[in-house]
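Structure record follows, encoded as structure tokens.
Chains here go by letter, A, B, C, D, E and F, matching the order in which they are written, and residues are numbered from 1 within each.
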Amino acid sequence: MHNTDDNDAKTTLTHFDEAGNARMVDVGHKPETDRIAIATGRVTMAPETATLIREGRAKKGDVLGVARIAAIMAAKRTSDTIPMCHPIPITRADIGFELDDTGVSIEARVDTRGQTGVEMEALHAVSVAALTIYDMIKAVDRGMVIEHIRLDYKEGGQSGVWQRKGNT
Amino acid sequence: MHNTDDNDAKTTLTHFDEAGNARMVDVGHKPETDRIAIATGRVTMAPETATLIREGRAKKGDVLGVARIAAIMAAKRTSDTIPMCHPIPITRADIGFELDDTGVSIEARVDTRGQTGVEMEALHAVSVAALTIYDMIKAVDRGMVIEHIRLDYKEGGQSGVWQRKGNT
Amino acid sequence: MHNTDDNDAKTTLTHFDEAGNARMVDVGHKPETDRIAIATGRVTMAPETATLIREGRAKKGDVLGVARIAAIMAAKRTSDTIPMCHPIPITRADIGFELDDTGVSIEARVDTRGQTGVEMEALHAVSVAALTIYDMIKAVDRGMVIEHIRLDYKEGGQSGVWQRKGNT
Amino acid sequence: MHNTDDNDAKTTLTHFDEAGNARMVDVGHKPETDRIAIATGRVTMAPETATLIREGRAKKGDVLGVARIAAIMAAKRTSDTIPMCHPIPITRADIGFELDDTGVSIEARVDTRGQTGVEMEALHAVSVAALTIYDMIKAVDRGMVIEHIRLDYKEGGQSGVWQRKGNT
Amino acid sequence: MHNTDDNDAKTTLTHFDEAGNARMVDVGHKPETDRIAIATGRVTMAPETATLIREGRAKKGDVLGVARIAAIMAAKRTSDTIPMCHPIPITRADIGFELDDTGVSIEARVDTRGQTGVEMEALHAVSVAALTIYDMIKAVDRGMVIEHIRLDYKEGGQSGVWQRKGNT
Amino acid sequence: MHNTDDNDAKTTLTHFDEAGNARMVDVGHKPETDRIAIATGRVTMAPETATLIREGRAKKGDVLGVARIAAIMAAKRTSDTIPMCHPIPITRADIGFELDDTGVSIEARVDTRGQTGVEMEALHAVSVAALTIYDMIKAVDRGMVIEHIRLDYKEGGQSGVWQRKGNT
């Protein structure tokens, strides 16, 4: 269920120097490559709440449309919010939703061409989409829970393709 | 496990007008009251990763210290990120962490005195704390998952105290 | 067509001190009152472009939905963008659109309770709604023009109600 | 007066996918080219108001100087405000004003080298310059109107040079 | 030269809880009072550089005018930049400059009515004014130094008036 | 003590056009080069205050840890705050502190690969680190002074290496 498939030898945290001080990792020496990251997450809710979203969409009270805009805007501002994230001019952001009987599944894909990856941008987009859904429905259902925010896929850079195990 | 304990009669989404258009809800008529919100969440990870965080703390490579600052700053900027959130000058923000063998549990408490609640501020703080932890350790463990972001408690305003069922 | 119906005696610019230096006007002595501002504007376009927006709405490619979110978020951040604007926690923001054969008319209403008015918030919202519409359709029609951004109505504060002449 | 001189065949809105969902268009495959955009606009006002600005300049109560700074800062932050705009590190921003008897004409030129154009940056700069002028004089003349915000010229990218018809 | 005239008994840092974790201090219980803070600082430079600024002013190449706008905008955004600063809607900001033969002296006054003081807003304004001056002249004189940024005066709140010793 | 070791011939301010209007300098024609800037500064304080910081570090009430995060985040947002600064995606940011008996010395190094330098990013980082230290200790010692913020070293770009005289 949980996997750690990176190089085992990598057992130090690069975001700290030898004295243990936090730093923004130097990426200046890395080549620019095309990069993609896909992250997913889910908001679970009462069945009546899911119904309300579904009916809203039909009548254009579009919770998911608002969440999509919020997520795209958040992807662009990730390095404003996450302290050690490098600023990256992203070239693409797509947010998908699937509404079922007990909640909404969220997927975000972010692309760039640059010296560092866009995992945090994709994860931030999913997280803000989930929070926006919560915000717009909370008057009806405060018990909603945001679940399973995680990276599903990344490509580009020296570490190449990474895919969550058991995801295929 | 999931609960919807708000007034059943409240079955419309206040963030939309009658034509279904999104709007920022009018809170101008509400009285100012003292408000508290507490939200929680968790980052699950491989045991070796949790060990790395624990050892880092000892040596002052303090992942959780960075996440705490990020979360406090995010709480202040919630209305910049969540489209329909009212801007609220918060008066307090506390972030707590508990590191165990398979991850980090996060709790955020936010207070204000105002016309609307601070649930979104507390949830946003938890979410950004989790993303920051992920960012700082992702070179070691990309498989981490952010789980169970949810409201645990709120007080203040017309709806009074709300507490997650089964939380006591 | 153009009107200047304020007190004629007010012939100095309050945003400058006696030496001519720009400043943020002191509003600390003003009482808090309920305030409303309504602003309007228009994006003119080729008839085929207006048709494209109309059809998009039907199919949920909702240009105006995106513009509405952008406008609400912009209203909240007005004092970040307009140098001498006071930061104001707004309590309400509503954006309306009317699509006709040659363009889109935009109306924004913003409310607050505070020491200074929300005219700039309403004008900023209209302006950002117009720019967002332009952005989303520019690949089809670069010739669009943003027109007639103006204040239509304000109430609250010492100067009371102001209404654009010829608007009734 | 209004022109649509783009390729007639381009009759779909690229900012939406086939299902009608808003997205940030993928520009990752586009080559980097030098890009320029020039936009213009105007604030119309009562003659006495224009006189006040003119006299202020002489005495250094410089409304247009403040508007210029606001416009340059806004050009840099366009992608923070316009939801589907790509983040672009601009390399130049120039703002010009012409004050006449009934108002101020504004021109903004923005340059970059990148994968997408800077039309929105130039239009945003003009729009914020106009709003700042309004803000600084509104105590004297609330009736001012912001007019004719539009793209006048662009070059760079696959679509090459675009010039507003009748502008020469 | 250096003074510590606060209550000697106050020997713990309020920005940390008992476990040593950083937090935003709870100000929710404090009464709202009128608050003023005045901070000062200085940019020292070569005499020829000071002359260049003086001549620029005469010709309207106004370095100090730009620095003033930057400082006012920075005062408003202090809590975005300083992690533990409470968000405060300020009601006034004035920035003064004195240009002499070897530099520019800067003074910022910020007012609010609120539960916490505006010292950081005034200090941030001075700091950003100094950085902006540096930025605009650095092509001519990289050796400039920013000096003596400090609080000179504050009033309001429980601790009442504080004035730097030897300042009268 | 103060040095102006740039080319003497450079006696005009590039941030203004011939008419004296402020502008963002055109850097579009400059080649991309690797760039480094190092800036330093100092917060002076009463000896008891320095002791408090030292003890706090031991107990994990880590003033300098918070200041480091604030400085790194500020480096990334420099062009949001300094009006004529170009937006630059930085590739590295390191902040160092040295605590002695009467204060804290601060050093910031920022790297990028781009068309313009990162002096302002390094200076901004030092300045925000100093302000954050002030903020977190001000309840104990309002008399602290921020001193000697200056550029120490830069390399990259057409002007090559610059080093503060007397720094070796």
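Following the convention adopted for this analysis, a contact is a pair of C-beta atoms (placed from the backbone, for glycine too) under 8 Å apart; a residue touches a chain by one contact, two chains touch by 3 or more.
Predicted model only: the values in this text are computed from it and were never measured.
Enquirer: Starting at chain B, find the fewest moves between touching chains needed to arrive at chain F.
Expert: The distance in steps between these two chains is 1.
Enquirer: Within the chain touch network, how many edges lie on the shortest path between chain A and chain E?
Expert: Minimal hop count between chain A and chain E: 2.
Enquirer: Taking mean CA positions as centres, which chain lies farthest from chain C?
Expert: F
Enquirer: Return the chain whose centre of C-alpha atoms lies at maximal distance from the corresponding centre of chain B.
Expert: Chain centre farthest from chain B's centre: D.
Enquirer: Weigh A-D against A-C on C-beta contact pairs and write down the one with more.
Expert: A-D
Enquirer: Hey, which one of B-F, A-B or A-D is the same interface as D-F, over half the contact pairs lining up?
Expert: A-D
Enquirer: Which whole number of Å gives the spacing of the CA centres of chain B and chain E?
Expert: 32
Enquirer: Whole-Å distance, chain B centre to chain D centre, using C-alpha means?
Expert: That pair's centroid distance is 38 Å.
Enquirer: Starting from the mean Cα coordinates of chain C and chain D, work out the distance between those two points in Å.
Expert: 16
Enquirer: Where in chain C do residues touch two or more of the other chains?
Expert: In chain C, 21-22, 60, 62, 65-66, 69-70, 73, 77, 83-84, 89 touch at least two other chains.
Enquirer: If I apply the definition of touch given earlier, which pairs of chains qualify?
Expert: Every touching chain pair, ordered by label, is A-B, A-C, A-D, A-F, B-C, B-E, B-F, C-D, C-E, D-E, D-F, E-F.
Enquirer: Please give the residue numbers of chain F that touch chain A in the complex, ascending.
Expert: 34, 65, 68-69, 72-73, 75-77, 89-96, 111-113
Enquirer: Residues of chain A touching chain F in their complex?
Expert: 17, 21-28, 79-80, 83-84, 86-89, 114-115
Enquirer: Any idea which chain B residues touch chain F in the complex?
Expert: 60, 62, 65-66, 69-70, 73
Enquirer: What does chain D use to touch chain C in their complex?
Expert: So the residues of chain D in touch with chain C come to 2-6, 10-16, 19-22, 41, 44-46, 48-49, 52, 56, 59-63, 65-66, 69-70, 73-74, 77, 81-85, 102, 119-120, 123-124, 127-128, 130-132, 134-151, 154, 162, 164-165.
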